[in-house]
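Residue numbering begins at 1 within each chain, and the chains themselves are lettered A, B and C in the order written.
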Amino acid sequence: MSVAAETPLFETRGVTRRFHGLVALGDVSFALRQGEIFGLIGPNGAGKTTLVNVISGTLLPNEGALFFEGTRIDRLPPQRRAHLGIGRTFQVMKPFPRLSVLENVTVGALFGFAGGERNRAMAREQAREVLEFTGLLHRMDQHADQLGGPDRKRLELAKALAMKPKLLLLDEVMAGLTHTEIDEVVAIIKKIRASGVTILVIEHVMRAIRSLSDRVFVLHHGERIAEGPPDAVLADPRVIEAYLGKRRQ
Amino acid sequence: MLRLSLLGLAVVILALVPLSGDAVIIQYGIDALLAATVAQAWNILGGYTGYASFGNSAFYGLGTYGTAIAMVKLALPFWVGLALGAALALACAVVIGLPILRLRGHFFAIATLGLSATLAAVIANLDIAGRNIGLILPLTRNDTLFYEEALALLVAATATVAWIAHSRFGMGLVAIREDEDAAQVMGVNTTLYKVVALMLSAFFTAIAGGIHAYWITFVDPAGAFDLTINVRMVIMAMFGGPGTVLGPVIGSIILSALYQILASSISTAAALLFGLVIVLAIIFMPRGLIDLAEGLRRVGWRYFLQNIQMHRL
Amino acid sequence: MSETLLAVSGLSAGYGAAPVLFGLDLAVSAGEIVALVGSNGAGKTTLLRAVSRVIAARGSIRFAGRDLLPLSPEEVFTLGLVQVPEGRQLFQRMSVEENLQMGAFRRRDPAGIARSFERVYQLFPILADRRRQMAGSLSGGEQQICALARALMAEPKLLMVDEMSLGLAPVIVDQLLDVLSDIRRSGVTVLIVEQDVFAAFSIADRAYVMETGHIVREGPVKELESDPELRRAYLGMA
């Protein structure tokens, strides 16, 4: 291990994003090490999804900069960031409704990292492997809009995985799942990290956050209020107050 | 492979139609083939990419006038005229496409609506285009030649759509149609792909316009940029099956034939009955004939029930 | 003892193949403010939507003595059970006054509607000032007040308020909490769904705590305030 600090895989510096005067993100800065799982939590409206939108390029920041593997990316359009290796899921899931599950995931393989796989047949093969990994192979010919809740989540994950991302942004993939399903997804996410992917996880299911995250970052009203190991952060009085509100007299 | 041979056979049979010598059939055929071509061209942008264009008649008009101006005012041969028309349409597609393709859904459709009227007005003020009076092209009495040209164009357009349907590019277009935001974060260059789709659509539409111009030997702004051309191509593509390779072709052939039959037998009520057919089609087969055929094969008559339930009729 | 206005028993509901609520029991008595709290995804909004009959459900829902289960949302509304949805859902391009009129849409008594207008403008002077302004141009807090007022125009017996504090500054939330207290004082029962627990607790009499589709705690607010189960429901650890 070299003495000099290794370049973080991804970094935000002073990112600020406003909507009509409302500060959705205020001076947010953090760095992700390659291979870590980074938990992002905060009450509703804290700005978590806005942050993911800024990272994936769906939104541009008003101030601040984003760096991926040392290169500045905050002015790049979303598809360029996808080509660099940033993949994301959507909290309100966005499958391609009238395409089959296999076709949905094939799109990811066709257009992902480094522009994806040019050959459609090979891309389909890669998509098959991803479907097997996420437990959706038996549904590969079904139309995406016919899937039930948990399977939709898996599809959302599979689409992002097929892109061969280096950085995977997961936006509330556990919402609405039963305890068993949550455990399954946690296992899948750990497998993904083991394959070398860096993961940023937004969640309200704290069990999952605690068992997955190396570090946790807490947003409240768009600003960082705590950062550190999960158990410490979740016991932090400021974090508790953010979630439960201020005691009133 | 079987399908390809059958299609090849169909093309050969169509190519042999002029041998019948029946002038009426050949003329109807030219009209139907050109209608099928513009429906197919619309299919690229409207069916595969999900951007319902009401400005394709603008490209048709540009193709018409490019050919006419080249032949009448510049004394250039027909092929050069076609190329000029196509070039004008492609240039228009790039220049207009970039701003207009930022709009989505209804806004896009409405914005394109103004395109044809605008160009018609511009043309009507140009001397080189014959202003409102129009231009008269040199006469060539050879309907068979026009027929075969129209057929060749339709085959080229359909082959292009077939390529799109199996290519990575086509998958990108479909992803844009199904969810443009998701497509973008998955790496699809949505702006580029939409403009290319628009250019392909413009190209075939313009060539069809050029052939039509030379065939009827007369062009004027109202006729060249006629919005009903666009309405017709949308109906035909949607009737046959948007987003499929053969849907628009089958749809336009059937509807063209239907209209001819109705017009010749019940001429007064033809338009009314034709409208009725369209309305029934929208209710019972909203995704077109191809989807109907597959639906019947999959779930039988319940297909209609599902459609009615889905639209809560 | 005041009568039970809303009695929910064994309520299960979900979306398509995904169940969200698992046999819930809940009751609201006339004149109370009851809080329903829990972290995101606990199923609070789903509960409200089930009670309003916007989504399919199983179990028993009784309101003012009537069985709600077979009714349509419009019928539930007419019985006096009115929901102020999450995100307010005002008619952005209509004026404040028009939005309020829409609240009285199903009523047929012009004199009564006029009285409702008076009452609402008295309760919320800020709406009286801005009655002709387009709802979409109001601030977040003002929009929330307008949404509450619109619901009041239907003269509800029970008002169900979903996530009123979302996206609003704490000082505005405090004002809105006072507004809800005023509403209760004017004779309307309130069921408030809130993520901000202590905000809800500051005006509620009783509360239910939800976690992944179950009710894990219920009781008077005084008792729940210091219950470690509360923290566990939100943060996964006591």
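As a convention for this text, a contact is a pair of C-beta atoms (placed from the backbone, for glycine too) under 8 Å apart; a residue touches a chain by one contact, two chains touch by 3 or more.
Computed from a predicted structure; not experimentally measured.
*Asks:* Mind having a look at which chain is the central one, using mean CA positions?
*Replies:* Smallest centre-to-centre distance to the global C-alpha mean: chain A.
*Asks:* From the centre of subunit B, which chain's CA centre is farthest?
*Replies:* For subunit B, the chain whose C-alpha mean is farthest off is C.
*Asks:* With chain centres defined as C-alpha means, what is the inter-centre distance between subunit A and subunit C in Å?
*Replies:* From the centre of subunit A to the centre of subunit C is 32 Å.
*Asks:* Calculate how many whole Å lie between the centre of subunit A and the centre of subunit B, each centre taken as the average of the chain's C-alpha atoms.
*Replies:* Comparing mean C-alpha positions, subunit B is 42 Å from subunit A.
*Asks:* Would you kindly tell me how far, in whole Å, the mean C-alpha position of subunit C lies from that of subunit B?
*Replies:* 53
*Asks:* Tell me, which residues of subunit B touch at least two other chains?
*Replies:* none
*Asks:* Quick one: in the complex, what on subunit C touches subunit A?
*Replies:* Touching subunit A: residues 15-18, 20, 39-41, 140, 163, 166-167, 170, 174, 195-202, 212, 225, 230-231, 234-237 of subunit C.
*Asks:* In the complex formed with subunit C, which residues of subunit A make contact?
*Replies:* 22, 43-45, 148-150, 172, 175-176, 178-179, 204-207, 209-210, 231, 234-235, 239-240, 243-248
*Asks:* Tell me, which parts of subunit B touch subunit A in their complex?
*Replies:* 166-168, 171-172, 174-175, 178-179, 181-190
*Asks:* Which stretch or stretches of subunit A touch subunit B in the complex?
*Replies:* 56-58, 77-79, 81-83, 87-88, 90, 94-99, 103, 106-108, 110-113, 115-116, 118-120, 123, 159-160, 163
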